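The same subunit A turns up in both complexes below, where it pairs with subunit B and then with subunit C.
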Partner chain A sequence: MNRSSSKLTRNLIALWAACILVFMYLPLACVALASFSKNRYFRFPIPKYDTVWYSKAFDSLTVQGLFETSLSIALLVTAISVVLAFFGSLAFARFDWRGRKVFQKIILLPIFFPQAVLGLALLLWLSSIGIIPDWRTAVFAHLIWIVPIATLVMSIQAYSFDPALEEAAFDLGATRWQTFREVTIPILWPGIFSGALFSFLLSWGNFPLSLFTTGADQTIPEWLYAKMVSGYTPLVPTLGALTTLGAALVLLGGYAIIVFSRGKGAK
Partner chain B sequence: MTGTPILRLVDLSKKFDDLRAVDGIDLEIYDGEFFTVVGPSGSGKTTLLRMLGGMDQPSQGDILLRGERINDIPANRRPTCMVFQSLALFPHRSVGQNIEFSMKMKGIPTADRRARAEQLMAQLHLPLDYYDKNVAQCSGGERQRIALARALAFDPEILFFDEPLSAIDYRLRKTLEKELKDIHRETAKTFVYITHSLEEAMVMSDRIGIMREGKLVQVGTPDEIYNKPRNKFVSEFMGEVNIIEVQKATEDKLECPSLQTQVVGPSQPTGFNSGHLVIRPESVRFLNNSGSAENSVEGTLYNIYSLGSRMQYQVRVGTHVFLVEKLREQGYEGELDDVVKIGWDARDSILVSD
Partner chain C sequence: MASPAAELESRAVESSSRWAEFRAWITQPGVLCSTPVLLLLLIGFLAPLLVVVGYSLMPPRTFDFGHVPTLENFISIVNESYYRSFLWAFGLACITVVLLLIICYPLAYGMAKLFGHWAHLLTLLLVIPLFVSENIRLFGWVLFLIKRGVLLGALESWFGIGADSMLYSVPAIVLGLVYVYLPFTLFPVMLGISMVPRDVTEAARDLGASRWQVFREIELPLAMPGILIGAMLTFVLSLGSLAESKILGGQAVIMIADDIETAFTFGQNWPLGSALSVLLILLVGSLVLYVLRRLDLDEILGRR
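Moving on to the complex of A and B:
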């Protein structure tokens, strides 16, 4: 390839990348812009910028309640799915047992269900066995969809784990518990960590499952949807921007921890 | 070499479903010896070693350590330590932390651990500034030494080695084999090593056990294995030797179908009917100009290989291909496709069963 055509290729690739980035992030930027509007209605160009809706959001009891519900669900889902996915992925990647292939298929299946159908099915099932849905049933619903994903994420790490490492630790006089603490957990840690991150973010942003299974409680995505359908206020883009910012912070924080721990390990 | 047995295996067997991976092994391993189990892949040698180390449970038979049955003692409470094929160095720990692992598990104070680790690093020719180095950044040979240091830090009575040198290139492997034998002398511990290379076993071992399909075919010193292979399998394992199918002709003559001639062989065991004649390439001589031998055959010189200090010749006789080896300065002077006469004496051939 000669020099000029490679330059052309480079420029085309850069253009392509820029288009994709604009296409993906422009809508988010618009929401952020809208949240800084003083006006009650969503209009472009924005007539007057203000942060009034942010102070309203921080003062609002409704927003506080939404935040608490969403956070409780996401944290609980993260904790439970990390534990289930950890042992699931180990069983799946490390051991050969009867039914392993079936387990592999069953565990993957919920990912492919349309979430709205899964939510509706769960709602019907819950009411038929007499459980009144609230935020705790939403935790259950989220888990059905998120545990398989977390299991897959952790399996990648578990697959590359040499079983001889645990045998070596045990052979060197470690107890089962010491082996687990000193070898298994630290080596699988990146997988556990990204599994946790996935669990939290997928639960935090989930709408269709929450819609059917939270009952009288409401998460932030549900509230955003309800307000878009009727009763739009500029709190919608404000809260939307805030939740996105929250998710981005969790992601950045996670990335920082990984970079930091890697730097420490390589010392 | 004899001595007090440290390990005794009695009818030791391991079954996986229908497969008898290890099949009724009786063996004594002496205190302080370097014992090597040699066998092709699938011969059950790894399974045998894993049972001795406590990673696998025997299906049948006993393992006795200084006379005490240790079948049910788990690996972490056996005074033995394994160097794994993959080495199994902890990737998230530094060189020093890897070496100190067993001492940390025992709760030995940090300063004592470090002192012992540095002592081992010095003994194994590892630079002391590697203490804080990440094991992933170490070379293959260094990683071998770290794994050995980690095992020695545990202070086991017996060290097991599961082909740790198999992934190392030839020259480094030769160096490490000798280093390992030096370490064996310095520590005076019992080493049990497994490998698929008889050559590697010969260099290091006091005694060698040849394993095939879960059974020990022959146990002996390197000399015994080299000079008196028990059967064709063991002979083939020694690498490049001439193995000729033979049948009994008379009391001292053997019929060789592939050479279409009869040869004088070593004395036949009673009841001998058919088997193989093993002749080492260096025992075969060229007889063209001068010299004689008890057995001689004629063939064509097909190829010449240079092995450094030695030359190897391929001579085709009938359907058989003879290998002949000579020191370079005593090599055959001639051309390819020459008709050559080669020969050997009966005492240089070994008669083995199938």
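Moving on to the complex of A and C:
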């Protein structure tokens, strides 16, 4: 009796999980659906399907500019955040030092903070020291939020690090730099890679921080928001679907690389 | 009685030993590795917050620091009923947290204890939407809920049922908050539940505890760190949310982040916006510090 009741629980929870998955993907499906509508204004059922807005999006110079801004910000954020978060995660999880517990909590503060307020505070701070915001200040703003997250992601890998491996390398006569390059980095590699993936994607999709810190430049999420609030164009669902697709491809590609390299490592 | 010279000498020894201690501390690899991140947060997190505090004490509608500090902004927050947007944000955040804990607990339990390998796939599928800009996802809800949108359009043309759109109302905002912050509750709760050892629950069942007793006296307390993190994260983020009330709520309700944004942009009243931010930061900060003090991160993130 006990077994059948626990099986029932399992199935009920599985059903619940399916409902939540539908709930999570429903709005994305709506955006994708709307992107194939030919009409200027969305209505359902869609009278006529067409890909005309996709070709318009690819031809548009505005879209190209938005894409370049978003991509430059995301790439720069990824590069800087990987380096900072790598050392941060060593301090977070690998070394024992006085102050580590406090450091761990300081790292969490920017994550547990409303981003819109952080963006405004940064805007105020920049203007009070006389810096005019543009896409480069947005890189800085993204880093404040993304470096802590990347640090956490990498720390999970760093926790499983066995210090004896580094010590063994030292004992066998490796220099500090050799140990670092040949032992530390390869072991932490999966964590570094996931951290980079997170940094890129979170920067790519970020809206509240960009809104206040890009100045005259505009990222894709910002442009979409501006057009949603006023001046709707059918390019909104199209571009929304395209950037979602881009993010999904990057994520799945990254995941495939992790799975593949893990499989190779096991052999 | 020690001579002055001896005392001076012992002080010198003490200070040099303190200096040596400090040097020993500062050259630890952990300290060195943490420095870049800490510097970043010092200039990018602490400094902006201090600037906000500074501005909140300036007279209304000024744009620099060259004025006598005043509490005028805080007084006008109380007098001009700005506290209303605070109450709305607070109330909506509470509702969101409660709903999400109820929604997420069974799923988190399933993912931590029942689904085995499927849990990985489920995690991946639930993480993907996190990387899509939240205003695109909220816009998807607009398309779903709007008059002649996916829901109402389908109801009308397929079943002949006409209904009013629920868009631009308080329930729509709650829907948006629940939707956006679901993963922020789910994953910490899942982490918390996976910390409950299976032996302990089984032992309790063998000793005759009912399912409800196991839940209340074993699972819930042991999973509490994760539940606390999830609840706090959701509460704090929905308290400061902007896009949900703007995109799904129309002008139905003004939440605090809305008021802050308006004060900075259309209102051109930086000191007022700063004062509102300071109150929000105090609320968020005291809650976060209170919860963080009780948590051991090594235990949660799996240090051996």
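The rule is simple: the second predicted complex is superposed on the first by the 253 of 267 C-alpha atoms of A that agree within 3 Å, B and C clash if a C-alpha of one lies under 4 Å from a C-alpha of the other, contacts with A are read in each partner's own complex, and residues count from 1 in each chain.
Everything that follows uses one rule, which is that a residue touches a chain if its C-beta (ideal position, glycine included) is under 8 Å from a C-beta of that chain, and two chains touch if they have at least 3 such contacts.
Keep in mind that what you see is a predicted model, and the values were worked out from it rather than measured.
Look at A:Arg98: by the touch rule set out above, it reaches subunit C but stays clear of subunit B. In the superposition on chain A, A:Pro186 makes contact with subunit B only, not with subunit C. When both complexes are overlaid on chain A, the residue A:Leu251 reaches subunit C alone and has no touch with subunit B.
Contacts of A:Phe260 after superposition: neither subunit B nor subunit C is touched. Of the two partner chains, subunit C is the only one that A:Ile13 touches; subunit B does not reach it. The partner of subunit A that touches more of its residues, comparing subunit B with subunit C, is C.
By the touch criterion stated above, A:Tyr49 is placed in contact with neither subunit B nor subunit C.
When the two complexes are superposed on chain A, none of the residues of subunit A touches both subunit B and subunit C. Residues 53-55, 74-77, 80-82, 84-86, 88, 90-92, 101-102, 105-106, 132, 134, 150-151, 154 of subunit B touch subunit A in their complex. Taken in their complex, subunit C has these residues touching subunit A: 25, 28-34, 36-38, 40-41, 44-45, 47-49, 51-52, 55, 64-65, 103, 106-107, 109-111, 114-115, 122, 124-129, 131-144, 146, 148-150, 152-154, 157, 179, 182, 232-233, 236-237, 239-243, 246-247, 257, 260-261, 264, 270, 273-274, 277, 280-281, 284, 288, 292, 297-298, 301-304. The touching residues of subunit A, when paired with subunit C in their complex, are 9-10, 12-14, 16-17, 20-21, 23-31, 33-34, 42-45, 83-85, 87-88, 90-101, 103-118, 120-125, 128, 140-141, 143-144, 147-148, 151-152, 155-156, 159-160, 201-202, 204-208, 220-221, 224-225, 228-229, 236-237, 240, 243-244, 247-248, 251, 255. Interface of subunit A with subunit B (complex): residues 162, 164-165, 167-175, 178, 182-183, 186-187, 265-267.
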